[in-house]
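The following pair of complexes shares a single chain, chain A, combined with chain B in the former and chain C in the latter.
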Partner chain A sequence: MGLLGYVIRRVGMSIPTLLLISILVFLLVHVMPGGPLAMYAHQPNITPAQLKVIAHQLGIDRPLPEQYVTWLGNMLSGHFGYSFTYGVRVVDLIGERMPPTLLLMGLSFVIAVVTSITIGTISAVYHHTWIDRLLSGLSYVGLGLPSFWLGLILIEIFGVHLGWLPISGMGSGSFTSVVAHLVMPVITLAVLFVAQEARYVRSSMVDVLGRRFIVTARAKGLTNGATVIRHGLRNGLIPVVTVLAMDAATLFGGAVITESIFSWPGIGRLFLGAVLQGDYPIMLALITLLSGLIVLANIAADVLYAVIDPRVHYA
Partner chain B sequence: MSVAPADTSPERVSLLASHRTAARFLKNPSGLISGVLLLIVIVLSVGAPLFTHLGPNTPDLSALLAPPSAAHPFGTSPLGMDLFSQVLYAGRISLAIGAISAIIAGVIGALLGLIAGYYGGVVDTVIMRLVDTALSVPLLLIILVLVVMLGSSLSVVIGLIGLSGWMYPARIVRSQTLLEKELPYVEAARAIGCGGLTIMWRHIFPNIIGSLIVNVTIFVGQAVLMESAMSFLGAGLEPPNVSLGYLLNQSQSYLSSAPWLSIFPGLFIFLIVVGTNMFGDALRDALNPEITG
Partner chain C sequence: MNLSKSRSMFRVRSAATAVVLLGVLAAASGCGSSTKATSPGSSAAAKPSSGLIQFGLQQEPGTLSPLTGPFTTAQQIVGATLFTNLFVLKSDGSLAPSLASEVPTTQNGGISQNGLVYTFHLKSGLKWSDGQPITSQDVYETYKLSMSKQINALTTNGFSDIQTFDIISPTEFKITLQKPDPALLTTVFDTCTPGIIPWHVYKNISAADINKSPLNNKPTVTDGPYVLKSWNPGQSITVAPNPHWYGPKVQNKGITFNIVADDATLLAESQAHKVNVYWFVPIGQVPQLKKISGEHVALLSAPNFEYVDINFRNPILQDVRVRKALELAIDRQALVQKVWDGYAKLTASDQPPLSWGSNPSLKPYPYDPTQAAKLLQQAGWIKGTNGYRYKNGKELTITFSTTTGNPWRQQTEQLVQYWYKQIGVNLVIKNYPSNVYFGTVLPSGQNWMLGEFGNVNQPDPGTISADSFAKGGVFNFGGYDNSQVDQLFAEQATMTSKSARQQKLWQIEQILHDQVAGLFLYSPDQIVAWYGVSGYQPNTWYEDTWDAYNWKLQ
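Presenting the complex of A and B:
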């Protein structure tokens, strides 16, 4: 009962956030040049009288709050409108482009999480030795590398010079081809994330490994490895979970960059194309959708936090 | 012989404290390294005309797309512009964007954080919900949309990046304010009749400015990185305001034939971001000597 109640309360708490986001996005539609009618005003043979009729049909002559409610209803039921440039339903476009992005982001996320936990833990275990300094230095390097620059350099070295890896697209569909096409985009997307998260893991683990229960575990004769993994990690990773989920949002920004470098056919590239061509329905639908996903990820993080930390009382 | 009384005025005490902080900062190798690194980058960019007699837009027609040489230490662009000079002038623009947008983010964050922390209650709830909301949207995507709507002028780019970064300063200032406002000196200030604004500004703010500066310093690098990403994606500044990201964007078609075009601007961005991150971390350690991370 406790956990379910907690989940319900947590979802309830995020409703104001979601409403605020939706108001923000709705206002975006209305501050854009030409407003929601921009799509029709683009067309050459349209008269002001026709525009007025369309405005009436779309309900744009109604008061703003009323329009907002209608728009929100449309968004919630998946009616994102039609793309200006492709002329097809936005929801179909997103449906087609979402799987490649989820594959790229999901894989990058998993690899980044495993790598950063490993690096952060090693740093913490060898706290204040040259190993720790080397790894910390490397994480600064990762933080400072602009991901697009890293992507370009990877293409230059492994794609052009050595010719080991394909540099664009998703491949022919066979498993090995897709994997080969994934290597460089995944590295590009994961590096910054690893650099950020390894630092969190390190400081959390340094904190935990200095506690008395760790001394106790060692005193009982537990090996170093078992102490770190069974007693250290179980406690040290608890605060990291929340940070990981929150920072996953930054991967969407990274996906736009990575997909554009490697011509990956996902939503990041769809979004960038929409931005450069002024295709507002696609931009707004994606922003709304991704915001919703980020809010969901945060809820999931909080719930996970409650599950893995038995001390959390569902309050 | 008389012994001069120890100077215990508040100014003297705070001067001593900041000397100690500075000493701790310089004793930390990463503080010293990043300080020198940033100094070099800033002096080179701000004093660009002193280090290169070539303007960033003066072509050398005898050296189109030339590799690095004595005459052109970073090589030249396809139009024969000296890349060293281009990078320094672009570094100026990128650093200005980073610094101004970080100040904007810091000021907004500090104001909201102070108000939320000091007044608490409904005000606090509303402000913190705003923070949650701003952290739950894909910021880079929204900035790209707004740049397209509003145009990519220098002020729009700086303003948007600044507005994207106030949430963390707000959270930090709020949590520090919550701690500070319970301390006796705030009670004392209230007892002598200070109003809320005076207490926040004159009494609490000076005590929490350290963590704010740490955060703002680190944001300078992030802002430079964000602007570079925008320029790279084709939604950032446009000439005559050439930033480091724009130079990288232009280098894409010459990746194999003229790698210096991408290496040097990228390296400059790298130095700025690493420098500000290390500097911020070292500053944090120097301000909180009890926390050794």
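Presenting the complex of A and C:
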């Protein structure tokens, strides 16, 4: 009953947290200036009377507590209400837009992690040599590149001048078409992440490679590669993994810009459009979903500690 | 934390990361199928090799319904290929029959002499894209549904003037108005927003469900030259020829509207010859587009006008001398040259030169900083030692607001700031994102004094003008209030004689000009670029897709 009881207790405790988040998010979205009627401001032949009718249809003329209860009901029923812009269920919109974003972010994350570990480790192994200085210099350049600028430069070179890669969209749906369309957005999104994380990896690895157990490993006759990979990396990456996990969230911010430049049909553009058009149901659904995922991930991580490390017990 | 525990945590976090990544890849693998499942047709390749015309669309429409909003220009651009109406707005701003057999006038007996009764005749043998006949009933039900308070109708204007709607036959109907409405035809019967709904499809949906009907995003039956083939959310919309289209033969296999929100990306697509039609080109891209081999770039006079709304709630701006000084101090010819490379025309009022409501004898205010300074002096604003003017110890500080993200507006306000400084006015710039500007700032009437934005005149020039300057008008953000102007707007709105209306509109224009009801800047050209397409005929009164059936891939 120990672990199960703990899980039930944590899930139970997360309900008031999620409820509080939902209230805060709801209030924040509604105090934002603009609002959904702004998108009607330039509609030909619109009249003040018609604007009132639209406000009533959207339900935004009702008291905030009443609007909140309605929205909460929609959220609990699983469809998150109807988009003010598209007139369709928000859950359907998210279902359409989430997979492209997950593909873009996931691939960028994997490539960025592998690349940053490789670059950081090489820098650490050859620290204070020209290799280290070159890789560190490149990292700083990467850090200084705004993603929108890098994206446009890639488009100019590979899309316009060389004509090797498609410029926008996600392609026709075939595997090769999707891969071709992915190249430039993934590079754009991954570069900043690599530049950032390679610095952490280098610093951590430099620290670890100077420890006595590394000297011992070498004294035992292990090759340099085996020492670095088996003993260095396993210890050097412990603090890095935490940073990687935390920084992964910043990828979402980058995805909003990257999706806009490359017209990638993902959740970032949906969210941006919703903010610009005051589409409350989409904004609320996406922010609440992300908040809920973070809460659940925390619970899952705590539970996994107990599963993997037998010394951890939950009473 | 000891090392073994650290390793355990490392394993935990690695496992968690792996789970997340697996989830990501698993979900991503379903990408294509998800898109296809939600699209009404097959997913189309958005490349010229597909044989489809590629159109660069800066915004994804919220809906493609001919009945419901929210209205977007993108909805009208795509919608014009799917839906037609009784008439169509031609590129010279005049009406031509579309579903109707002729445009009713008093001369041909289609409009009664008192302007109250309209008789319409539909062409015979018209069919929806599913082969069903288009009848008077469809028009009647469009009117009825538009007036329902349960529908987020594209407009109620025009329809709200109808007293009775009599169906005489499947191809003939008569509308009797409560009062004459000379703008009726161009308010509700000349575009796809609103268009006519296929009643045989809509009749099974209750009015309360129409706002959320899948038909809004996936119209299954159309009466325009095309039908919807697919809508890949966030990516593209493809239309294909309608086999039952009554009009001229469609000269292409279809059009793919590629949703590309970023102008820089659209320019790159044009340079790579991946886009056939690029509309709403920013003025800054014209030189680059002109360098593209085979690219046609057209700068066209359009019924647009850019002006600065004045907040009449502010006591400083209630003085006409101050308003006139602010108008005279702007070198608008320099604005046109520096900001628009000469591709804009100065305006004397809210009527752009292209409009028949524009009075040719009314001249725009000249650039006259000396006279502007004199007027401010007369109004009691005296120059202080720091170069700015003061009255009762208060500095003459004016806030100027507009939308963010529009380079030409930002350039305009910087120049205005410089010119105003020359006459002792301290201009403070405070800009907002478009939704905040139009949704909160301007309607509130607070925290702004001068607000720049653009508007588009309609074929009937009285409509937007009244919206902007009549009391309670939806665009009258500054609260301009002039009973004489209101009276003139009301009178012209029910006149049946175009020339008599024109006189009234010119009178209104003169008053707005004399009173400086706004700072009238210019009418910018509309810029469009196309490549590899013949038969392209721009239409600044409607949308360039109005005759897309004539476009042919070269």
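FYI, the second predicted complex is superposed on the first by the 219 of 315 C-alpha atoms of A that agree within 3 Å, B and C clash if a C-alpha of one lies under 4 Å from a C-alpha of the other, contacts with A are read in each partner's own complex, and residues count from 1 in each chain.
In this text, a residue touches a chain if its C-beta (ideal position, glycine included) is under 8 Å from a C-beta of that chain, and two chains touch if they have at least 3 such contacts.
The structure displayed is predicted, hence computed values, not measured ones.
Chemist: For A:Ala180, select first, second, both or neither according to whether it touches chain B, chain C, the two together, or no partner.
Modeler: After superposition on chain A, A:Ala180 lies in contact with neither partner.
Chemist: Touch test for A:Ile155: chain B only (first), chain C only (second), both, or neither?
Modeler: In the superposition, A:Ile155 touches chain B and chain C alike.
Chemist: Just to be sure I read the superposition right, which of the two partners does A:Gly278 touch: chain B = first, chain C = second, or both, or neither?
Modeler: Once the two structures are laid over each other on A, A:Gly278 reaches both partners.
Chemist: A:Gly171 in the overlay: touching chain B, chain C, both, or neither? Say first, second, both or neither.
Modeler: The second partner, chain C, only.
Chemist: Go through the superposed model and pick first if A:Met98 touches only chain B, second if only chain C, both, or neither.
Modeler: second
Chemist: According to the stated criteria, A:Ser260 is in contact with first (chain B), second (chain C), both, or neither; which is it?
Modeler: both
Chemist: Check whether A:Val141 is in contact with chain B, with chain C, with both or with neither, and answer first, second, both or neither.
Modeler: After superposition on chain A, A:Val141 lies in contact with chain B alone.
Chemist: In the superposed arrangement, which partner chain does A:Leu51 touch: chain B (first), chain C (second), both, or neither?
Modeler: second
Chemist: Looking at A:Val241, would you say it contacts chain B, chain C, both, or neither? Reply first, second, both or neither.
Modeler: A:Val241 sits against chain C, while chain B stays out of touch.
Chemist: Which of the two, chain B or chain C, is in touch with more residues of chain A?
Modeler: C
Chemist: Overlap the chain B and chain C contact sets on chain A and report the shared residues.
Modeler: In the superposed arrangement, which is not itself an observed complex, chain A uses residues 33, 152, 155-156, 160, 260, 276, 278 for both chain B and chain C.
Chemist: Please output the residues of chain B touching chain A within their complex, sorted ascending.
Modeler: 129-130, 132-133, 135-142, 144-146, 148-149, 221, 225, 228-229, 232-235, 245, 248, 251-252, 255-256, 259, 262, 266, 269-274, 277-278, 293
Chemist: For a test of understanding, state which residues of chain A touch chain B in their complex under the given definition.
Modeler: 16-17, 20-21, 24, 28, 31-33, 140-141, 143-149, 152-153, 155-156, 160-161, 202-203, 206, 246, 249, 252-253, 256-257, 260, 271-272, 275-276, 278, 283-284, 286-287, 290-291, 294-295, 298
Chemist: Which residues of chain C touch chain A in their complex?
Modeler: 3, 5-17, 20-21, 23-25, 27-28, 30-32, 34-36, 38, 43-47, 60, 62-63, 68-72, 149-150, 152-158, 187, 193, 211-214, 216-217, 232-236, 258-262, 264-265, 268-269, 271-272, 274, 432-443, 455-456, 458, 463-464, 472, 474-475
Chemist: Applying the document's contact rule, which stretches of chain A touch chain C when the two form their complex?
Modeler: Counting only chain A, the residues touching chain C are 33-51, 53-54, 56-57, 82-88, 92-93, 95-100, 102-103, 105-107, 109-110, 152, 155-156, 159-160, 163, 166-173, 177-178, 234-235, 237-238, 241-242, 244-245, 248, 260-266, 269-270, 273, 276-278, 297, 300-301, 304-305, 308-309, 311-312.
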